[in-house]
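After this come two complexes, each holding chain A, first together with chain B and then together with chain C.
Coming up: the complex of A and B.
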């Protein structure tokens, strides 16, 4: 007979409400105060700040998803994810601006594209040697060779190709560097990831470029957008709509994939307990490859839009470091291993970086905090790790004996 | 315990090795090759940093990635305190200078003069001021080490690694901001740091000797044992009465102190202090040294440092410009060599399958690259020159991946270099008694050994010698 226990009255935790309330009060207070300081800080100024923060935050969210997925599956902080993002950005740049290629280059570029398509078809067929998968890969290969060697590539197509190439790179990195270390101590895995990150940085210097690269594609996406907001005119570009929209589409697609498909279910099972999942017939190797493919594809999308947003790409050795580590901070803040957590964390970092500098702007009395903005992500990361290591919505991480 | 004879032998050999090292340094000093001297001085400086990183990464088993931050603090403070008056005047007159009266006056020379010690403020006693400055730099760096060590009480493993990385980056990012620019002179930094210390073999190797001595003594002290206990199993160590908080923070503080010293010497070696020499790359180099040489082994880390410094100082031919067909040939040879090495490895370790399908791809690519290269060489095509920037870092990172996969503990592992290795003495050799016990346990046909051992023991006792071995 079961012993019934008296349910304890659940104690309400007020801390989050207090924190959110305090932040809101500070923000509103600052906005009202700034309104009295100068005409410059009108509604349009803050609208612009909010939309910019949202844009930046959705980029961080895209990158953070890759970190959180890989951590969820193999408990590895993929230090090289920032460099995967860098490769995605440069792949988009070269596909967009350097096509048409001579045919040998087009063939070389089309191989990973076709392989990526085969990998995606494989989600559905479950076997790489399936005739449909092979046929799909072959067709895509010839189409890609023709497109790359005959015509220029528009931005969206460059984005998709870059996502495929970078996704294959992610799988490749996992196979070469991480897979021999399954079950090794976590520190060895992290050191390997750091080494891979350095390898990619310097390989990028070697093969891609050594300079800051301007990247201003003339697409519909970054046409300028001007609208009125109460008492002022907001001058910005369509990117404030396009980037969050593309990110939203990708995040919804990922969520549907993870919740609705068999492979997604296998991924969730592996994240819970890899050993048991394997015993239950989940092909863990395939799940890991899928994770790296999807994470790297999202990072590539983030990288392409990063270039679009900032109008230039920094040199390969430093492009990936700061966005990568900030996105990692986002993943930890949201709760590593959780997909919605990564999105929330990304938005928090975006707002901390952009909106915070907007509500503490440069005024005659105060010099502003713009030059400190790169440290916010680190400070948030350290604070959240000390106060609540599991993140905002994360599982408990304390070590079990 | 070693027996007395062996201990005497080891002491003699140790002193002999130190003597040989000094003679060796004298010879290098005498050759007068600037590049060679600089390489050795750099080895000593990076050796200090790597050995101190090893205290956290190797001995305590906490992955710390913020060493460049500690070095930055030590380096900038040393540079600020010993900067010559001419350099100060130059900075003060420069329009882009971000320093103010107060920070320009921060100089040990001024302090000595204010104290009335004018004899110590002359040019002849720069060495004394350098020592004072570098120790102050080390101590302030140590204070930062204490601060960074505090999160280690709550966090473990990879999270802690990220937090230390974050601290290192915060230090570097803050150093360029308005808040600290008066101390660091912003992105301009200091030029004209006295370089006679960092480039001198005697100064750098002297500091290295102190560091190695301290680390070696620490490793085998009760503190070192406690730290190793934390590495092996934190929870078990705590259960055995090790004060985790105290020992972890202590490890961070000591490590940061020596990192600060290394930073001071590094700034002196470069003769400038700029923010872009204290990048994460620096920590990465030490990480390679620690991981390749042996995590937890001081001698191993020195071997690793030698490797890193060699690649950095003598890897120039890798980054010169070569024609495209030469690169293709080199790539083809490399791919084929990798395939052969994999085959040999799988054969030795008896791994199945010996021939993986991906080997064919590697071999195929290698052969294609070789063929194209050879045809182009004979036909005079693909002559465009190409420079491989970053090849040294690529090689080091590839090396690190390979080491992590095949020998995660590094070349020496946790063992130190031991003279017994030279004499092929095995540490785990059973004693005669154990052999006798084995013989008695395994069967009567080996009992002869027992008798032999007994007689030997008896004779040894009569001879008045102790037959203890290991």
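Coming up: the complex of A and C.
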């Protein structure tokens, strides 16, 4: 055994702590200041600011989960994930706005939907060729064809269909672009991920020339919600409740899947030691496909709710980039590879972006800081990584060889 | 048959390697390896560093593919099977360095051992058997695997292998990195497991301990079997003594 060396006393770098302290001081000071200077900034105002931040944060969390899951399993930063999110948003849009479709289109759209359902039934049955899986896929196929060709599709159904389609897209991307490179150096896969991302961006650029796509499904979720609290009235929409709620349900479902089901446990085992997981009989290919399926489904849910939240979608070439990179920052802040870390990171980014701009609004003597909101995510990323290089609840990466 | 040592042995073979050759890329690792394990037997594989011991084990399990030769497991051709199929047919492994899942609890680690099984009742029985064998594990069901000591991790890795109700357990260096007292204890338990009728194939550097409890042994040198026979014969073999048993 090697002679143990005496560890050098660690020099603490206080600068990042000072920065975080300073930010907190400014925020608290600002809140107190606002409270004294005008009646507008009452408890109702801050309630709204906090819930709005929570809403935005939960969307980032949904996207960040996809980054962190894929990284945990195959150590790939899936740069195409932002574009998967974009596809999810647009798939939802076309499902609720363009239906009923002519039947050939309905059949084409129903194929990935049925396949996605089969992949999910496969969690339980363990084999794609299992009679129950095949029967389930067939039934869903015919129902989907009928729904898409005969009726208009409401938002919730569009969301579910879009999640399935996008999930299958995730599996497809992995199969086409990443799985042939499994044994190659890690950078090859990273470059491929960037290529897939650019491909999807440009595909969107060519197929959809509109700069903004209005995203206004006919749903009660968009209705306004007005309630009184403390000394003021909060005017907002039901989205402020619904988006965090749907996100919470999805996160709980994912957590249950990962901790309670056999395939979920195999997923965690693969993330920890893929070779030994294989020695226990785990089909690593199936685990990877499942990871892409679930991550992409969450991204699609995030995309659909993103459209709902902002009422319109950007041009596909740019829609995925910023939310994607911010969600990636969220995953890193939380500790990439960790599921709770992604959720915490997402909420932190949401608050940094929304709450800070809310408490520094435009006033006659101050231009506001709305223009800088996109930079906060990355300032936070730098500061938090200075304090905790492996993220808030990330594992210590230095011990891994 | 090909194995001259056992040519007059009429017993059914559990595992048979027939002139097995394997490669890592262009590099040949194993060369014409013949090996037999009978039901209920404990066989050890000895050899120095880089002699191909671990590769033999990985070849049996299917992580390394056979490039020439054949392998039979329970009477069936096995070198074309996937790892999962071999496990379903009754193989289990205790990998080198234990390699338990550090962020899963003791119970979850054991559950991973029975990953391919569906018989809930029998799994429960096997879980109780593992707890009888290693009472320490039963006390620490919800502890994370990575926070346990080396010896406890070795128990967990063995328990995990037993959870698949195997016919053959493959062990890669079970004594590595353990205190001498613990090595003896582990081998005692291996013996116990073996006495239940489970065949054990153990790759070991610690030749003395391994041979003292094994039925037979093979000695590997640069990928070829150079010596094989009953454990007692190997212990008394002059060449063996000089090379592996540390006697002059």
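As a convention for this text, the second predicted complex is superposed on the first by the 363 of 401 C-alpha atoms of A that agree within 3 Å, B and C clash if a C-alpha of one lies under 4 Å from a C-alpha of the other, contacts with A are read in each partner's own complex, and residues count from 1 in each chain.
Heads up, the rule we're going with is that a residue touches a chain if its C-beta (ideal position, glycine included) is under 8 Å from a C-beta of that chain, and two chains touch if they have at least 3 such contacts.
Please read these numbers as outputs of a predicted model, since none were measured by experiment.
Peer 1: Quick check on the chain A-based superposition: chain B and chain C, clash or fit?
Peer 2: With chain A as the common anchor, chain B and chain C both fit in the superposed model.
Peer 1: Of the two partner chains, chain B (first) and chain C (second), which one does A:227 touch, if any: first, second, both, or neither?
Peer 2: In the superposition, A:227 touches no partner, neither chain B nor chain C.
Peer 1: Does chain C touch more residues of chain A than chain B does, or is it the other way round?
Peer 2: B
Peer 1: Between chain B (first) and chain C (second), which does A:180 come into contact with in this model arrangement: first, second, both, or neither?
Peer 2: First partner only, chain B.
Peer 1: Would you sort A:146 into first (chain B), second (chain C), both or neither based on which partner it touches?
Peer 2: Touch partners of A:146: none, neither chain B nor chain C.
Peer 1: Name the contact category of A:191: first (chain B only), second (chain C only), both, or neither.
Peer 2: In the superposition, A:191 touches chain B alone.
Peer 1: With the two structures laid over each other on chain A, which partner does A:328 touch: chain B (first), chain C (second), both, or neither?
Peer 2: first
Peer 1: Is A:275 contacted by the first partner chain B, the second partner chain C, both or neither?
Peer 2: Once the two structures are laid over each other on A, A:275 reaches chain C alone.
Peer 1: Between chain B (first) and chain C (second), which, if any, makes contact with A:372: first, second, both or neither?
Peer 2: First partner only.
Peer 1: In whole Å, what is the nearest CA distance you get between chain B and chain C after the fit?
Peer 2: 14
Peer 1: By the touch definition above, which chain A residues appear in both interfaces, chain B in one complex and chain C in the other?
Peer 2: Residues common to the chain A contacts of chain C and of chain B do not exist here, since the sets are disjoint.
Peer 1: Could you please specify the touching residues of chain A with respect to chain C in the complex?
Peer 2: The contact residues of chain A facing chain C are 262, 265-266, 268-269, 272-273, 275-283.
Peer 1: Inside the complex, what are the residues of chain C that reach chain A?
Peer 2: 61, 63, 83-84, 87-88, 93, 95, 99-104, 108, 111-113, 115-116, 160, 164
Peer 1: Which part of chain A faces chain B closely enough to touch in the complex?
Peer 2: 76-77, 176-177, 180-181, 184-188, 190-192, 194-196, 198-199, 201-203, 205-206, 210, 317, 321, 325, 328-329, 332, 367, 371-372, 374-375, 378-379, 381-382, 385-386, 389, 397, 399, 401
Peer 1: Which part of chain B faces chain A closely enough to touch in the complex?
Peer 2: Result: residues 57, 61, 63, 65, 151, 154-159, 161-163, 165-167, 169-170, 173-174, 176-178, 235, 280-281, 284, 287-288, 291, 388-391, 393-394, 396-398, 400-401, 404-405, 408 of chain B touch chain A.
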